[in-house]
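Listed after this line are the structures, all set down as structure tokens.
You will see two complexes here that share chain A, one where it goes with chain B and one where it goes with chain C.
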Partner chain A sequence: MDYKSIRKSEITEFLDNLIKEYVIFAPIEKDDIVLYGRIKSGNEVILDYSNSVNSPKEAVIPQLETLISCKTDKDITCVKEHLDEQEQFLLFGARPCDARSLLFLDKVFSDEECKDIYYVNRRNAVTIISLGCTLPQETCFCTTTGGGPFSTDGSDLLFIDIGDSYIVQIITEKGAELVEKLDLRKTQDDELTGMDMLIKKSRASIEPEIELDKLKDKLDRSFEGSAWEILAEKCLSCGICTYLCPACHCFDIVDEERKCEVERIRLWDSCQFPHFTMQTSGFNPRPTYKERYRQRIMHKFSYCIDNYGMVGCVGCGRCVTQCPVNLDIRQVLTSFYGK
Partner chain B sequence: MKNLYLPIPMKVEKNLIETEDRNIKTLTLSFLNKRDEESFGFMPGQFAELSVLGAGEAPFGIASSPMYKKHLDFSISLAGLVTTELHNLDPGDTVGMRGPLGNGYPIDMLQNKNVLIIGGGFGFSTLRAFTSFMLHPENRKQYEDISVVYGARNPGLLLYRNELSEWEKRNDVQLHVTVDKGDENWEGRTGVVPVIVKELRVDTENTVALVCGPPVMIKFTLPVLAELGFAPEQVYLSLEMKMKCGIGKCGRCNIGSKYVCTDGPVFSLAQLNLLPQEY
Partner chain C sequence: MTDVSSKIREEARKLLKNGEVDVIIGFEKGSIPFSATPCFVRNEADTDKLIWNEYCGNNLARYLSEVRGKAGIIAKGCDTRAIVELIKEKQIQRERISIIGVPCEGMLDRKRIMMSCQRKDKTGIEDQDGQLLTRGDSLNTAVKKDEFLYPACHVCTNRNPVMYDVLIGNTIEERKTDDFADVTEFDEKHSEERWAYITDEIGRCIRCYACRNACPLCYCKECFVDSTQPQWVGKTTEQSDTLSFHIMRSIHLAGRCIECGACERACPVLVDIRILNRKMSADVKNLFGYKTGLDIDQPAPLSIFKPDDSEEFMLDV
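Then we have the complex of A and B:
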């Protein structure tokens, strides 16, 4: 493994250099909360944060995007594809869970037989510098879902906070190329020793409590149980868990007329909404909160294993911290696991 | 890389009113570009997303046989925004089409077998495509006995009447058209589809049943097939579900871990028995 180091005081300059080449998304403070957003200068970035409220999936699946459009006075033979060339995009300071979520999204949108060109174009332009978690939050459970506070999955470079400097772990070729352009110093041996201790300590604070294969088995056998009804009693079906989740990717496609143009727009949707599966006839295979809440859990922890070989959850804990009725996915999983 | 969301431009050749209540029309489309026509191939049972820009897209089974390459038929039941726009199309208008999508009927597995087609109402469209495919002179000898049971609520709701009367004249297909309730001019059979199926006394050995129709028909037909001795592996159903992308990404048409748009819409009853009852 290759390492470099950079002093914290040099980060602003580091980013200001990169801003010339990349559109940079990083954690910034806005209205008293930390969000991923586009930065114009390196000094906007906040790196002593737990995790952002929103996930960085917006970089690859925008909340709204135009797929095709057509002038209203023309017909379908004059359709314009919205496949603009992508600017190079740098996701800086993302948590390892969020970096890992892109590997999951790749499985959905970039599978060999059926590539989604809009996703693939954006994804190819993304470089990810993630920031290891020295102090995981109480709501973090990345280790349960196969990740870890210093997981390198999905990252091109991983920053590790060792006090007044960051150690830069070089993970991919893309990451190595980026590092070559910058003048980073050599990492000292004592820095690496310190880093190992930090990693061990952090990981020990969030030991996994669930084996995913066993959980899947128990969930599959509990599909018909009454437990879902009880769990769903609390759920407001507001969909916030799905909007903030870095792995949730369900979308709708609608046509909208704007000025003299019709646009076919893809937008985030949520399995928690009744219209998601409601057929024009009025029939709905998931008519109540119970079926919709069950779908969210089963999709992530059973169906995704069948289809993609990994769960559709990276344990970021956003759905736990932001749920207005404190529906805690960890407790839900544990309750089925204990059955 | 192909843009899977880009519709193929098609021209409306015909938009035929099928039923007396004018609720179902069959849209016949041709390709506007020769290149699209040449590269387009499909199997009976597959579907496509039809789109009218401004109204949106919706999935419809391809109702015509792939043996007739120049035209594609789609039977469209008037229900919402997109279907209203599709009903209003006139010959010469253009419309978008994305497809073919889905798996289609298991034609390889049906070779040298007796095929029992069971369709109800509007669900008959892809079964019509498959029946027409099997009855094509190039294909007929690849199948043993072919029986078709097709029912509608009343005579005015029967689709594809010209084709049905042509099949009626053939001696290489047993056609059983039935209506729940006849009228003064109806001389054919009366009775719901499951009852007619029961009366058929089919030899289940070497026979496969393909079923598509309204939920109530399916609900009462499956027990009849079981009673006749059909194993779950010998029964195939074509399912419907709300869809958007049609390519297994938008996340709404799943039954358990199977997506109706990519793993289906055709499933064997044996496959469905392993899935949650959420459809």
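Then we have the complex of A and C:
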């Protein structure tokens, strides 16, 4: 594994150099909250943060995206595909869980047999520089779902905070190419020793430990069980957990009339909304909280293993932190696992 | 365990034991710091889970129209005001609910507490003997809890339950009458400034509908915004669509909103447009002399007609 180092005081300059070549998404603080957003200058970025409220998935699956538009002019209808040439962009300072979520999204949208061209177009333009978690939050559970606070899955470069400097771990070719363009210093041996200690300490602080295949087995047998009704009783059926989740990816497609054109728009949708499964006949196979909440858990921890060989959760803890009724997915999982 | 929690448990046990209710809707300890979480207790043994503290911010009345059987509910002032409205609107029946009222000195904003130490110069925050202490590299700083009161709690004038079967503890002093100073202040701003504030706030909206779903008075079987046949409101996160949703919801709640602030509490991106609902409340008060959620026998002003109703909106012919 190759390493380089960069002083924290040089980060702004580092980003200002990259901004000439890339559109950069990074954590920024606005109105007291940390959100992942596009930056115009390196000094906007904050890196002493726990995690952003939203996930950086917006960069590859935007909440709102025009796929095609149609216009009729003098009896001639033109259809335009909105698949523009993509600028190169950089996700900077993403947490390793979020970087890992892109590997999951790849399985959904960029499978060999079925490629979503809009997704692939954006995804190919992404370089990810993630930031390891020296101080995981109480709501983090990345180790439960196969990741870790310094997981390199999905990242091109991984930054590790060792005090006054970051160690830059070079993970992919893309990452190596990017580092070559920049003048980073050599990492000292004592820096690497310190880093190993940090990684061990951070990893040990994350719970719970669950064997995912055993959990899947128990979930599969729970489908008709009474537990779901009780678990979902306090659920509000809002879309917070799904919209903030870096792995949730369900969408709706609507046609909207705008500026004398009809646009076919893809929008995020949520399995927690009653209308998500409403059929044209008026029948809804998931009419209550129970079926909807069960779907979210089963999809992530059972169906995704069947379909993609990977759970659909990276343990970022956003749904835990932001759920208005504190419906904690970790408690739900352990309640099944413990049985 | 606080005295209030133990009294709540005692009352809940009684109700379940005597078969007066099938379920108690209350709070239990949350899984994350500074939190309490709604819980449904169906047997006497489980009443020991029930707690009461300054993190019991959810409006539990929201669950009443959906819960099966007779329900007991632990209710703050705002929860009881919601219950009054729900009874008036015939969503629940008074005789099928038992209200364990709890006076409330205001609830604390968990998210703002956590945010106050989310940056690494502060490594944590703890509740020690009723005082919040932030931990940092240099000093431990004490923070006044009042600083984290929810905005709605700051202007609450019904800290005591307005209706109950049992009251836990003694009533507390109410604040002076609400003079809607915030609404006056907002009204006095230039229209461009008001527009900028509202559009800036809703610019963050991700349309997760947590505000609507947390609201005790948003109980429509099908919300106008979900309807697809016809589709009244566009589904995008563009300003016109998002704003339509929020303004229509606000107008739909005119004379019905009990200002508990559940909408704002639920929002993951801290959109604060309570001023829209506050404006509605101020208008309803000024035009009809009515405040929501106080008396089940007082008819809702927008569902009745009186010959002397204000008709300022009528055009002179």
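Side notes on the structure shown:
The definition used in the following text is that the second predicted complex is superposed on the first by the 331 of 339 C-alpha atoms of A that agree within 3 Å, B and C clash if a C-alpha of one lies under 4 Å from a C-alpha of the other, contacts with A are read in each partner's own complex, and residues count from 1 in each chain.
The working rule: contacts are C-beta pairs under 8 Å (C-beta built on N, C-alpha and C of every residue); 3 or more make two chains touch, one makes a residue touch a chain.
It should be emphasised that the depicted structure is a prediction, and the values quoted were computed from it without experimental measurement.
Because the two structures share chain A, they can be overlaid on it, and in that overlay chain B and chain C fit beside each other without clashing. In the superposition on chain A, contact is made by A:N54 with chain C only, not with chain B. In the superposed model, A:V325 makes contact with chain C only, not with chain B. After overlaying the two complexes on the shared chain, residue contacts for A:M1 are found with neither chain B nor chain C. By the touch criterion stated above, A:C260 is placed in contact with neither chain B nor chain C. Our angle of interest has its tip at the CA centre of chain A and reaches the CA centres of chain B and chain C; in the overlay it is 90°, to the nearest 10. By the touch criterion defined above, A:R286 lies against chain B but remains apart from chain C after alignment on the C-alpha atoms of chain A. Of the two partner chains placed by superposition, only chain C is touched by A:E138; chain B is not.
With both structures placed on the common chain, the touch criterion links A:D252 to chain B and to chain C.
In the superposed pair of complexes, A:E233 makes contact with chain C only, with no contact to chain B.
This overlay, made by fitting chain A, leaves chain B and chain C with a least C-alpha separation of 7 Å. On chain A, the surface touched by chain B in one complex and the surface touched by chain C in the other have residues 252, 254, 278 in common. Against chain A, the residues of chain C that register as touching in their complex are 30-33, 35-40, 58, 62-63, 112, 114-115, 118-121, 123, 204, 206-210, 212-214, 226, 228, 234-238, 265-266, 268-270.
Of all residues in chain B, only 1-7, 9-10, 32, 51, 53-58, 79-80, 83, 93-96, 215, 240-242, 244-245, 247-257, 262, 276, 278-279 touch chain A in the complex they form. Considering their complex, residues 67-68, 70, 72, 75-77, 79, 81, 83, 108-109, 114-118, 120, 223-224, 249-255, 257, 262, 264, 266, 269, 271, 276-281, 283, 285-286, 291, 298-299, 302-303, 306-307 of chain A touch chain B. Interface of chain A with chain C (complex): residues 31-35, 46, 48-50, 53-54, 63-64, 135, 138-139, 230, 233-234, 236-240, 242-244, 252, 254, 256, 265, 267, 270, 273-275, 278, 320-322, 324-328, 330-331.
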